[in-house]
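In the two complexes that follow, chain A is the common piece, with chain B as its partner first and chain C second.
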Partner chain A sequence: MWKKKMTPSQKRQAIWGWAFITPTMLGLIILNFYPAINTVYQSFCKTGDFGKGNIFVGFKNYSSVFAAAETWQSLWNTVKYMLVEVPLGIVIALILAVLLQKKLAGKTLFRTLYFLPMVCAPAAVAMVWKWLYNQQFGLINNTFHTNVAWISNPNIAWISVGIIGVWSIIGYNMVLFIAGLQEIPKDYYEAAEIDGASGLRQFFSITVPLLSPTTFFIVQTRIIGALTVFDLMFMVMDKTNQALNKTQSIVYLFYTYAFTNSNRGYGATLVVILVVFIMIVTFFLQKLEKKIVFYN
Partner chain B sequence: MKKKVLSLLMCSVLAAGIVGCGSGDGASTTGGGTQTSSDGSKSYSTDKITINIWDSNQQAGIQEIADDWTKQSGVAVTIEVIDWDNYWTLLEAGAAGGDMPDVFWMHSNTVQMYMENGILLDLTDYIAADSAIEKDNYYEGIWDLYNSDGKQYALPKDHDTIALLYNKALFEQYGVDTPTDDWTWENMYDAAKAITEASNGEIYGLALNTSNNQDGWYNLVYDYGAQVITDDHKGTTIGSAEGKAAMEMVRKLLTVGAPQSVVAETGTDSLFQSGQVAMITQGSWMINSFYTAEHHDDYAWAMLPYADTNNNGSCDSGERFSCYNGLGWAANANVKDPQACYDLISYFCSKEGQIKQAQLGVTMGGMKGISADFAGAFEGMDVSAFTRAEEEGELYFRPYTRKTTVWEDALQQAGGFLDAWQNPNDPALMETACDNAQKIIEDAIAAE
Partner chain C sequence: MESISRNYRINKFFTYLVLILMAVVMLVPFVWMILTAVKTNQEAISVNPFYFLPQADWHWENFGKVWKSYNFITLYKNTILFIFFRVLCACLTATMAGYAFGRLEFPGKKIMFALVLIQMMIPSQIFIIPQYLMVSKLHWMNTTAGLVFPGLVTAFGTYLLKTSYQGLPKDLEEAAQIDGCNIGQTFLFIMLPLTRSAMISLGIFTALFAFKDLMWPMIVCPSAETTTLSAGLAKMQGQYGNDYPTMMASAVLAIVPMIVIYIIFQKQFVEGIATSGGKL
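This part shows the complex of A and B:
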């Protein structure tokens, strides 16, 4: 396009085009691209204090990150969190979306209520849950007269944290599902009804397949979201919590190294590895998309 | 149909505004009057100084002292409180990005790094020209801490010691004798055991988290003759026989104390204030929080117990230690008006400012000889245990190296002492933890 001589009006259009995308581009370059490249660079450095005096050390950070058992444990913890949050968050949201799609008094109110957790500050959500889970004074233990260490028992803490994630995300998934449901033509259901299909049969034979593009979109974005989880663990669990090692996510580990211990190079290495991991997962998801997603 | 989704989203966004506002917990307060009566002899190029601190208990008192200075200088002072963990993250980011507060607190954990990198304003020449600040008047360990290569980067704000806090009502309820100054750690164990058992585990005799280091288990390590960090800041003796003996005593205490899962979730201070725990150890900087607590009438302080290592039944030299530390008032090296910042710091650390700080009960002084003013600040609560700790016992400076946080955090977590804290009934775990701790500290120092 540049090779050909542009007419004045084309030129004007091109200039305006650039003018319109410049703010976004600037934001992306300054806030996303530059830090991302810098992070990759730092992962090859032994970083100095206050961002001064970085020494290039090649793959030294990578070899120590790969050799550390806590790296793999944290990665596994992150995957475990994902395995709780993504399936539960989707199944519950789908059921709610279908129910709230029906004629129901106060439908809008319910929708708003379910969406509310999504608009709360994550730190505030985590603080509330922290006290709900508290072993001594928590509402859950007091209501059911149990004495469970919800967030201190290494065997269940990861589930407890996952449940907070599910609770927070249901509303968001639900809204996306509702939008997807509204795309499905009513004729299918009418035809199915005439053929005598039960509600359940309709759900599995019409709703689920026709919703698969929406479902896939949610699965993909939520997997990425779950793999980068940080705030829940950070807010809910104290540093001296005995379940922390079995619960902390890889981003939490990054925070510990980069900000608490001021070892930016090591921290940068951790996030670079996480990014590569997410890229691999996304690659396989894209392959899967062609097989299982049904586009109308 | 699409419209409906949109309106739903809009509704939610509106609600978000409400919820979002409610959940913000900004902990900043602006200073009092912004008088501009510049009757003072000096004129400054700035009319506003911002201070960052991490302890909200001290905010009101510090603001009051700062307001006194404002009356003389005409420069308004704003104090912002940021909690301990975020304080250092923000300060470091600010130092790297060039956006720091004017005046702020420094701590032994990190000050070396800040001094070496020229982040802090060099106060040496200002001190030399200032008649209000005389090195000999301050605690030497604190003064020297903030000195690097002969340059002074901060002035001693305060010093602190550690004491034992107990709940009189709980001791009375279970018929156990209250702590005295003659207590050894074994006596503390017996009392805690009696309370825990008499209450069938409803109440814990004591609570001690792995993170209670300066105000907790560090003190036993020194009582038993070991050192968390040796005097040259290049090593540790925590894995020695003495260190292991000390941590064995800690382990014994833990068997009759609150389990780790409880203290990690609720915190020893909250457990104590809710009447679930009879004894905790605490630093003098926390007095105000207990003095103003709901059941403060039940609370009393005693000196930290000692370790009778020679078994003669009395407390001899080297058997009772209390950790001490002191914060420093420092300023940003790139501040617009260094003289104004120094003058504010100088006022905080002058005799006038220090006495006021003690009388208001903010903290004990960084200046020597004003402990009596501090003890008098808490009417109805005897806090002399903190000053007797330095008169009758011995003090050691809070262990630090160049990057203290690295090993200090590692010691509190799995792989460090947390393993032993989880299972206090297994002595072998505590012994292994001591060996691990030795290695953690040595490795961390080697990597500095």
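This part shows the complex of A and C:
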């Protein structure tokens, strides 16, 4: 239909355009869209013997997932991890970013240091933190002469893992904040200076509102990142850890079911529930964005 | 006047105090990693007295031992191949699609681009089970192809490069067309070189993501011969978790190359992350 109306130049563009997007679109369909639908389908199936074949079972997986206490526990664990990582990671990063705006000697050095954990494999990071947290021989207990079971006491293990998360993410958040801060026009601060506003006043009246789009972006990406946490948990909490139940995230539980126990139907159900949960959270965040974020 | 300069000095003092304290917090795990790596296990687990430094000898040979016994050469090779092909595929497909979405008009463009945006919003965990089944059906388990597979194309990269192409001035294209370039030539010789910084961002982002990924390599490359550094570490921890100097030496070996690359290309790393934002 549209072919007849096209000029030769439009036609050329159409041909080149489709040729250029075809690899990506094919890839997205095969690697992402089909798998997403397939996962939803598998959540209604039971994996056959030896991990082969799917037997349709309707909502049976969903009823067992919802009935299992560990599902709710791990969802709650994930939320608790998020409540440690996201606010602390953001507030500390913001303070550092603001301090690094000043004229200081060694600014680059500090920035390099804070960003360092970002280029390290979480597996290695988790290994060294596990060693630092070691109850008997660890650096932390021996330096402060304490005897805390940082990662095997169910009441505090989630905080300990959260702290590793904060340590790992500060540099990333900070770099985004620095980029956001550089976009705030300098004259605002100069004008405030003339009016005699204090540094703290300037921070809350200029920096906070004008930085809110950046802040919101970081909050949103970090919330989703925290809700899908896996690497740190997997490396720090081994299978025999007595705090595992009170700490493991929903993605950890998904990994255990789908790949360790080869119960793919059950694993698929868990991941579908996680995605729905994230979508609900994203929906509310978008609503919130319109209310609190200041765009000029 | 005096009070202002005093205030200024106090202010500066606290700024440095906070920055230095944080620097110490960031550094301690790295320092401890290295200090443990050069101890004997005896020293590492001695509580009374508690040693910060190795006694008498610094056992640098620990690194050599770990290097040999855990086949780090293979782990490095696997990781480098994995990263190389991920970056290559991502840059290649994303720059083409990004150019088409950013500069060309064609029917169906809006819908196709909507699909790209939708993919970016879906958490990637939902793709993993079927991706694993495909890799297993293709007999790509324990191969680089299997590792690279989910990263053949990138919605995020497409979006990033589309934005970059959109920002280029229009007259460049027109001038090229007048000179007789077709769309392919205009893209390859005129426009592509101008998006260099976005490509570098995407490359760094892809490489970091691949390097840090743990779950996918564990799933498709369970064998120690074919796995990556990250997943290799997880394997070692499972087997030798109580030999702390060995563990720390392997952790150091796993992260040092990326840290060196980061320190050399610092500016590109920081800018790459800042401009791409992304979902690491």
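Just so it is clear, the second predicted complex is superposed on the first by the 289 of 296 C-alpha atoms of A that agree within 3 Å, B and C clash if a C-alpha of one lies under 4 Å from a C-alpha of the other, contacts with A are read in each partner's own complex, and residues count from 1 in each chain.
Here, a contact is a pair of C-beta atoms (placed from the backbone, for glycine too) under 8 Å apart; a residue touches a chain by one contact, two chains touch by 3 or more.
Computed from a predicted structure; not experimentally measured.
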First (chain B), second (chain C), both or neither: which does A:Thr260 touch?
-> first
Just chain B (first), just chain C (second), both, or neither: which does A:Ser63 touch?
-> neither
Considering only the touch criterion stated at the top, classify A:Asn153 as touching first (chain B), second (chain C), both, or neither.
-> first
Name the contact category of A:Thr112: first (chain B only), second (chain C only), both, or neither.
-> both
For A:Gln136, is the partner it touches chain B (first), chain C (second), both, or none of the two (neither)?
-> both
Should A:Ile224 be classified as contacting the first partner (chain B), the second (chain C), both, or neither?
-> second
Looking at the overlay, does A:Ala121 come into contact with chain B only (first), chain C only (second), both, or neither?
-> both
Given the superposition on chain A, which partner contacts more residues in chain A: chain B or chain C?
-> C
Does the superposition put A:Ala179 against chain B (first), chain C (second), both, or neither?
-> both
Answer with first, second, both or neither: which of chain B and chain C does A:Gln242 touch in the superposed model?
-> first
Identify the overlap between the chain B-contacting and the chain C-contacting residues of chain A.
-> 108, 111-112, 115-116, 118-121, 123-124, 136-137, 171, 175, 178-179, 238, 259
Touch list for chain C against partner chain A, complex | 11, 15-16, 18-19, 22-23, 25-30, 32-33, 36, 44-47, 50, 93-94, 96-97, 99-101, 104-109, 112, 115-116, 119, 121-123, 125-132, 134, 149-150, 152-155, 158, 182-184, 187, 208, 211-212, 214-215, 218-219, 229-231, 233-234, 237-238, 241, 244, 247-248, 251-252, 254-255, 258-259, 261-263, 266, 269-270, 273-275, 277-280
Spell out the residues on chain A that touch chain C in their complex, using ranges where they run on.
-> 2, 10, 12-14, 16-18, 20-21, 23-28, 31-36, 38-39, 42, 92, 95-96, 99-100, 102, 104, 108, 110-125, 127-129, 131-132, 136-137, 139, 142, 167, 170-172, 175-176, 178-179, 199, 217, 221, 224-225, 228, 230-231, 234-235, 238, 251, 254-255, 258-259, 264, 267-268, 271-272, 274-275, 278, 282
Residue positions on chain A within touch of chain B in the complex are 49-52, 108, 111-112, 115-116, 118-121, 123-124, 130, 133-137, 149, 151-153, 171, 175, 178-179, 182, 238-242, 244-245, 256, 259-263
Chain B to chain A touching residues, read off their complex = 1-2, 4-5, 8-9, 11-13, 15-16, 19-20, 23-24, 85, 89, 92, 95-96, 113, 116-117, 119, 209-211, 260-267, 271, 274, 276, 403, 405-406, 409, 412-414, 418, 421-422
